């Protein structure tokens, strides 16, 4: 039984069909890629799966549970972490605070603990800090733990974002264009980071990418999306060389390194 | 050439001053101020008589100075008679300020660096609560001695401490959470009325609320209950604003809360049971300085605890990017509700204390002007910062008092100052600075 | 409880609403262009009314009153309105220059604070220069058709704002917006002075904030919405009094008619709960951000 199972999911924005009859099944430990030209609805699919939008019809099952109707924070707490194309970091918060924040749903000291600073809260906060530092070390950003995240170089920001999503301890990680705007070197480093995270946490990863090289390096399985519909699905190189996909990409400014 | 070097010189002076006072811990300053107030108690009267000041300056000589300034302005504008001899009060008040406050505090603070740091380090060995209590006790002693010297000082100090709590409670919402709430005076009103209802209704005989229900001598012990009751009711009122406001995103709260402020004011104006527009008077004199000081300190402590916890940091996450906060498992609606109600609670407590300091409460106290005042304090001091709220509330309160001789002109000077602050530091003087209690009370390590 | 009584109230409501509408449109205009609330707008309304007072007194002394009048009342009124609108427009431009332009890049909440502070300074300035007395507005012209005037003014404003300002620098647009909004507020001030001929420095606070609520009720940045909501708020405020009287008579209750504000704002609150974006506003997700 697949870990994440989407069946016949459709969505329209005020009459405009953004996603239609979308299907996905993602097994534990599998990396699936989602490619397609701009405006194909890739990010919308992420938003629908994670509960930021509610699909007009269809079902999303995760670990045997129905996700439709659940909110973004609930799906995240269940183990469905995501990143954003534009990163969405918090500009007034430090790196360490970013990582700690993702443990929000696992905090158990309650409101009174927060107000009164009970020993339980202190213990728990200390534990969360330790855990966060571990993750920061893993992503080689522990040296800048106390810096505001907006002051970091771009590549580090991306890594912080990745660490932030992973500290949720998700079973599925949804990555929305993790290498957008990166130089080739940065991109290669990011591929390594993703690969390492995948091995270490035995994650299932669902990845939106614009760069076919990243998809080729990482994904066993690829879907090509055009106008909200899956055009081709299959092995990475099969999909990329499929005439329909090539056709859809024509006219797109593809940045291929 | 001269112009180019002049600012540098000033910078150098500030730098040197900064270096000079850098190793002084809070304890050192407290000792310094303690010496000051004791010294003023001993020699203040004699010194002011010697300097030819009309009476002992109550507000660091600032009031005296601005009285002279106001005299000059009235002479220039209206041609009022001005006693030129009073002009000498400006330098003498400055001398007073220097001799009584500045010199002793600098000397003692600097001279006590070693013992104060040693003591602070020694105290650090104990649990944080002990360190904090010792230093807060010292702080209270200083304020008590200072305020003991005149009734004016006492009431000014009480109102300032209340303003600190009130400002900080609004900072939770406008600063930490990044929403724009306009209903805070309304919450204060609810707190003031409800705690008055509690004390006046139960323990005193009053024209509006009838005879006392209970009469026993230790009734003042119930004052904390009255404050909590006031705060709870304010939080309940906040629920009316919070439920519709946090359903959607956007600057929706600003509007709903404004309408709520008008509703609350109008409600109390029309409740004849609560005295209508005349309000309730004759509150028992229970809001003494220690009570207010303890309540304020406790309030600051809980608020600071909240905003430094991961749960409270969620407010910042919601402010900076709500979608990201949600994607990181934060329950944004709950976070916002909790913070809003928590802020309203402390605003209500502040209102309860205000009613019992002034010993009256009426709807006119909680108007849009009050809103402008508290917003001024929050934004002047700095958003997202406990320091900022303390600085904002204290400086606007003190400025308001010191500029009192200028009468109506005060309301030109203070807004102008605030506009300048907004232009040059749009988030306020000390924004986004974390208030680390351990660091504040601890020793200063300088190599 | 006669028909004429109701009609009288209805006319009052229209008139009262037209003031709200004119001021609310000023709020909305600034919001639609600059995405911020001009919290000094209520006080600009006050300044406008006082400028109107000064202008009308000046014109009356120039052209004479009563039997000695050289010009008919309505000409004086038109002149007063036009001159005051022109002068108040400059007040608006100055407010924008001093309080808002330096904060164009700053968080919007900070600009809200400077607006509030400028409002306080305008009130204080009034008290300083005029001693805080109340003034009686001269009866320039007996006219009932305040509403018609208001309508004309609104149509004009609408045209101005709808005129696309393509290629005009932002600073000019901002200044223009403030100028037009302030001119409208001046017109509202004069009409207000004619209808309720006592001016005081805090009229902007009491009246302006309500107009602000109307602007919101209409939907942020929707000028037509602000206008309609202004009328609606005026209607609610005026009509609650007879409504309470009727209720009292019907059910022999004893509700005070000074519950007006309470009821009006409660209705506003309820509307906003069910229509979060106002009556004519579109969904948006902007915030008075840091």
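Each chain carries a letter (A, B and C) given by its place in the written order, and its residues are counted from 1.
Going forward, a contact is a pair of C-beta atoms (placed from the backbone, for glycine too) under 8 Å apart; a residue touches a chain by one contact, two chains touch by 3 or more.
Here the structure is a predicted model, which means the values were calculated and not measured.
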Topological distance between chain A and chain C, in contact steps: 2
Result of counting contacting C-beta pairs for A-B and B-C, higher pair: B-C
Longest centre-to-centre distance from chain A, chain (CA-based): C
Chain whose Cα centroid lies nearest the overall Cα centroid: B
Centre distance in Å when chain A and chain C are each reduced to the mean of their C-alpha atoms: 50
Distance between the centres, which are taken as Cα means, of chain C and chain B, whole angstrom: 35
Whole-Å gap between the CA centroids of chain A and chain B: 45
Touching two or more other chains - residues of chain C: 290
Set of chain A residues in contact with two or more other chains: 92
Per-residue overlap in chain B, given as positions that touch at least 2 other chains: 319-320, 384
Chain C-touching residues of chain B, taken from the complex the two chains share: 174-175, 178-180, 244, 247-252, 254-256, 258-260, 262-263, 265-267, 269-270, 272, 319-320, 368-369, 372, 375-376, 379, 383-384, 408-409, 411-412, 415-416, 418-419, 422-423, 426-427
Footprint of chain A on chain B - complex, ascending: 301-302, 305-306, 309-314, 316-317, 319-321, 323-332, 338, 342, 384, 432
Complex contacts: residues of chain C adjacent to chain B: 37, 98-99, 102-103, 106-107, 109-114, 116-121, 123-125, 127-128, 132, 205, 209-210, 212-213, 216, 256, 258-259, 261-262, 265-266, 268-269, 272-273, 276, 284-290
Complex interface listing, chain A residues touching chain B: 50, 52, 71-73, 76-77, 81-82, 84, 88-93, 97, 100-107, 109, 111, 113-117, 121, 125, 128, 164-165, 168
